[in-house]
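So, here come the structures, one by one.
You will see chain A twice below: alongside chain B first, and alongside chain C after that.
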Partner chain A sequence: MSAVAAPSVYAGGASVIAVGVLLAEFGMFRQALLRDQVRLYAAQSALISVLAVLVAAARHLPELYVLGALSAGLKVVIVPVVLRRLLRGIGRDGADPDAGPGWTEIAGSGSLSLASTVLLAIAVAAFGFFAVGAMGIHSPVLPPIALSISVSVALVAFVLMIMRRDVASQAIGFLAMENGISLTALVVAAGMPLILEVAFLFDLLVAVVVFELLIRVHHGRADSLSTADLTRLRG
Partner chain B sequence: MLVVVLLLLCAPFAAALVSLRAPARIAQAVTAVTGVACFGLVLALVPAASHHDLAYLSYLRIDAVSVVFLLATSFLYGAVAVYSIGYLARSRDADPGFSRYCRRFYAGLNLFAWTMLAAPMMSNLALLWIAVEVTTVLSALLVAIEDTDGAAEAAWKYILIASAGLGLALLATIFAYYAGAQVLGTHYDLSFGPLLQAGGRLPHTPVRLAFVLAVLGFGTKMGLVPVHTWLPDAHSEAPTPVSALLSGSLLAVSFYAILRYYQVAVAALGPRFPRDVLLAFGVASLLLAALYLFDQRDVKRLLAYSSVEHMGILAIGVSFGVPIALAGVLLHVLAHAAAKGNAFMGAGVLVRKFGGKRISAIGGGLDLLPWSGPLFGIAVLALCAMPPFGIFRSEFEIVQGGFAASSNAAAAVLIVLVTVAFLGLSITVNRMLLVSRADGQAAALSRGEPSTWMVVPVVAGVVALLVLGVHPPAELTGLLTRAVHQLGAAA
Partner chain C sequence: MSAALPIPVIQFLQVATVAVAAPGVSGVIARVEARMQGRRGPRLLQPYYDLAKLLRKEALAPEGASWVFLVAPLAAAACYLTVPLLIPVLTSYGLPLGYMGDILGGGFILALASFLVAVAALDTGSPYAQMGASRAKTFGAITEPVVLFVVFTVALVTGTDLPYALAATVRSSASQIVRPAHLLAAAALFMVILYETGRIPVETHTGTNEFGMIEEARPFEHSGPYFALLKWGSAMKQLILYTILLNVFVAPWGLAASTQAGAVVLAIVALLAKAAALGVVVAVIDNSFAKLRLFKITEFAAGAFLLAVLGVFTLYLGGG
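Up next is the complex of A and B:
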């Protein structure tokens, strides 16, 4: 029996963080309250920022410290704050005044049962994992398994967006997908010039503000977050 | 030339700022002047870009391919800026919130045009992606501006689907960086020129992945089947000037992004793989759109599906790959912008006259609208590739290229499906223009145009279509030849 060399502490730690990002996303499937989903998103973003700092320290890429800090500031603080403000607004104007801020119930908004959705997500994640693994794209800074996981994160986010039938979860699904792409960028494009990374983050901020605006428009018209009424335009 | 480029980059932004502050009349005037001036500025770029590439300030790069797309966008920008004066005239009296609406509309329109003009000038794939992403968020707001249930629904579907698609395009950008960094070192900054020069030395798998993701991602915004689902909703629910820009310019800008990845993919992988991918998406788009054209009840959705059809034709044209087909594709971008802009602007007049978008409520347009009726008919005939208009010439070149490239089956499929689409479009439009409606409401309508401002830009569009179809100016031919050389040089 041939012995397999144990991964270094760095590679092991990085892989664990990447798996954590994927698990946070699976956690989003079962959250019944929007507030908890936002928390999970913040946790997922925090993991990616930690990974950026880890890569910066281990691979001597000082720009990644800045990226880690900016991404933490934006995705762990600002975006969740924007989303919570949105929830407070909806809690105040919503149909159920007793529910209070952030207690927007989204448990029943999946179009499949939770178990089926998770099974589907596992299948999609496995597809992404093995398909990218087979491509043999090697990262200069992180173990190749991190790339496979990052693509799985992006694909599972599509399942989240498709299966949830409320606008806020769909927006969070989009943000989770963006986290998956950030993870991919960290794996294969760690040396990308900081100015471009900052531009991407700024762009994300603009997108979040517009998402928030359109969620408000939707809530203002439909008096709920559900997309059940969005069936007028067909054919 | 740097002054021209900087003016192009600054003028629409400045117009947006003015529109936010100034009264409606000034916003209208400033937008119209800026739109027409931008077209003039792009025309001034044509002679220079026909001879050499322009590169400024390390982030701006304008070659002949860029200028073709700038021409399409700036022409429509000018046209809809003038058209909007008439389009908004009636709501001025009817709506107490008019000045607020007007501010948002003009600021949004100018910013939207600004980002679409900026995108083809970017020297860098990352900045190109950012510009396209900003067009999405701005146009989503413009789609939602009408404040109806339909507009809210269309805007939500649009921003979610297009953002998800652009997420894939961002992955494409990242893999393009990875491929470039393997050859050019980790300090590679995603500039387009060096990536193209690296060509055959780029690793194949990441380039292949980047190209497919780019076609899928930017293809979502371009309206390629099966990722086109936002398009008919957004085009039908947006205000008509915005619909015209969405269809004629925004789809073209997304196609421009795909063309850039196509150039890199051909340089790195050879022509076979990228052409096969585009052919598959193109035929699917053309097939589905041609069939959907038969069963539309909303005039703006009808035109939206016609856009899907034309985007399919563009993808198929590129897949043929020979110079004559590529020349046809680039000419098609210009002619489609003029024809589809005209069709939407004409449809806007019909909608205004008959008080709704339902095709069944529109009839006898030719009698009731002395100018817009015939002009709408001409626009639709032009869209159906009737001579002597520009689309006839461009589709003829594409088909000719198909046979020249020995893609006989694909060229035959193209001809059959374009004919099917022609039937679908012309039957419905005949009903709207020629058949008079018997009920009392239509009979009560008097003959006349709602506004001269809504006719003038359409006449300009017909002139452009005739010029493109009958005798394209030598400068334009020179520009297209150089652009074809750039697109085909890598093959």
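Up next is the complex of A and C:
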């Protein structure tokens, strides 16, 4: 058997950041507090912004600097702040009254045990990896592995939204899926017109507001963040 | 300037370094951990004093225990003394006996030692020792796949599964270090080492909390020189695993490239310094995380498995 050749330092570094995005996605399966879930999302978004800046520097694509800065500003700062502001007070009714808004518990909302969920998500991620790998799409700016990882991020975000039965994780799963798609965009269309990218980012802000509204309505009706109560609405 | 050492002497020094330095590494970890908790902590040489005391004491065996109970500590120690022959402890070139076995071979010998200790624990009929043996084997079964995937990563990276080859590959260029497969495999191996050496977040290394014990509960019924051998053995296993992580994956620098006595002595010092540094990292982890509940250990193992599997995936797609 012959050895797999090492990628260049740039390609290796970019792949490591992309793997970090995927690992953050897996980390969302186990976060127990709403605050930590939002923080992990911010960290994941920060990794994508770093990757955008790295591509901009290495491949001389100046508009990616703007994109990196915009997505950092929006997804690392504004979205988490807006989420936490809007969700202030949610879930405090049953919880310890002294606990701050960030201490809302979302632990134990998985419908399978954590280890089984991770194994399931590994299988789903493997499907994404090899399905995209088989397509043989080559990107001029990033190693092909980044494309596989970006699709895996989106698929694992699906698993997160399916397996965790609390509305907060589902909203974060949706936003994280958007992160996966930004990564895909970075790989296949790094030279995409900036105006399109910016439009997507503002779409995201709309999604955050819509999710916040849904979470508030649900919390107002069911007095919890869990979606288990919705089951009895079946006809 | 310095004389060249004969190869057999270097080969012997590999084993001797591990055997002699192993309790010291445990001493360093205990000391650093105590200091971080604001205690003075035991002397660095305390593990050696413990071993010396135990070796002088009388050995007792539980009623009904068979010869397995008494043979197991000796055989396990023999296993731990064999593994340093196979891995790059002091030299960057393979020593003659280093090609007796690959990474899997070393893993099998470590597994054999662990199996023997577990059988001896079962032989005692004591509930705590049996519980420890049963838990060690249960969780061993779920950390084993992680080790296998780490070995697959090594095999894909180097085209062989000799530890010397991977160490040489890592030293060869910076692009070998930043590749995701290498980082993921090293992280997964580190998590397995935390489990195998019975550290937080899997197990508390000190104290007498029997309910949380896994590895530590197994030698409960042994005493005197046999208990000393088991303690020494687990210290050797710790240093062997640290050596594999350091000299194969994370920091394969400072190894002797020649047979010069000076280079070999330098390699011993470098290995001890690296092991002590890793010990400090382990002590920091010990002090900053809580012990996982027993049934949460599967989550820890799942995390390690995730890292190892991703490492292989990235390699298969050619990007890692």
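Please note the rule applied: the second predicted complex is superposed on the first by the 217 of 235 C-alpha atoms of A that agree within 3 Å, B and C clash if a C-alpha of one lies under 4 Å from a C-alpha of the other, contacts with A are read in each partner's own complex, and residues count from 1 in each chain.
The definition used in the following text is that a contact is a pair of C-beta atoms (placed from the backbone, for glycine too) under 8 Å apart; a residue touches a chain by one contact, two chains touch by 3 or more.
Treat the numbers as computed from the prediction; the structure is a model and nothing was measured.
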{"item": "Room on chain A for both chain B and chain C (clash or fit)", "value": "fit"}
{"item": "Touched partner set for A:212, first chain B, second chain C, both or neither", "value": "neither"}
{"item": "Which of chain B and chain C A:25 touches, first, second, both or neither", "value": "neither"}
{"item": "Centroid geometry (CA): angle chain B/chain A/chain C, rounded to a multiple of 10 degrees", "value": "150"}
{"item": "Chain B versus chain C as contact partner of A:137, first or second or both or neither", "value": "first"}
{"item": "First, second, both or neither for A:114, with chain B first and chain C second", "value": "second"}
{"item": "Which superposed partner A:12 touches (first chain B, second chain C, both, neither)", "value": "second"}
{"item": "Chain B versus chain C as contact partner of A:148, first or second or both or neither", "value": "second"}
{"item": "Which superposed partner A:166 touches (first chain B, second chain C, both, neither)", "value": "neither"}
{"item": "Touching partner for A:177 - first (chain B), second (chain C), both, neither", "value": "first"}
{"item": "Lowest inter-chain C-alpha distance for chain C and chain B in the superposed arrangement, angstrom", "value": "18"}
{"item": "For the chain C and chain A complex, residues of the former touching the latter", "value": "155-159, 169, 173-176, 178-181, 183-184, 298-299, 301-303, 305-307, 309-310, 313-320"}
{"item": "Contacting residues of chain A [partner chain C, same complex]", "value": "1-4, 6-9, 11-13, 15-16, 18-19, 22-23, 26, 30, 113-115, 118-119, 122, 125-126, 129-130, 133, 143-146, 148"}
{"item": "Chain A residues within the chain B interface of the complex", "value": "135-137, 140, 154, 158, 161, 167, 170-171, 174, 177-178, 181, 184-185, 188-189, 191-193, 196, 199-200, 203, 206-207, 210-211, 213-214, 217-218, 221-222, 227, 229-230, 232-233, 235"}
{"item": "Contact footprint of chain A on chain B as seen in their complex", "value": "124, 126-127, 130, 133-134, 137, 140-141, 144, 149-150, 152-157, 159-160, 163-164, 167, 170-171, 174-175, 177-178, 181, 186-190, 205-206, 209, 232-233, 236-237, 292, 295-297, 301"}
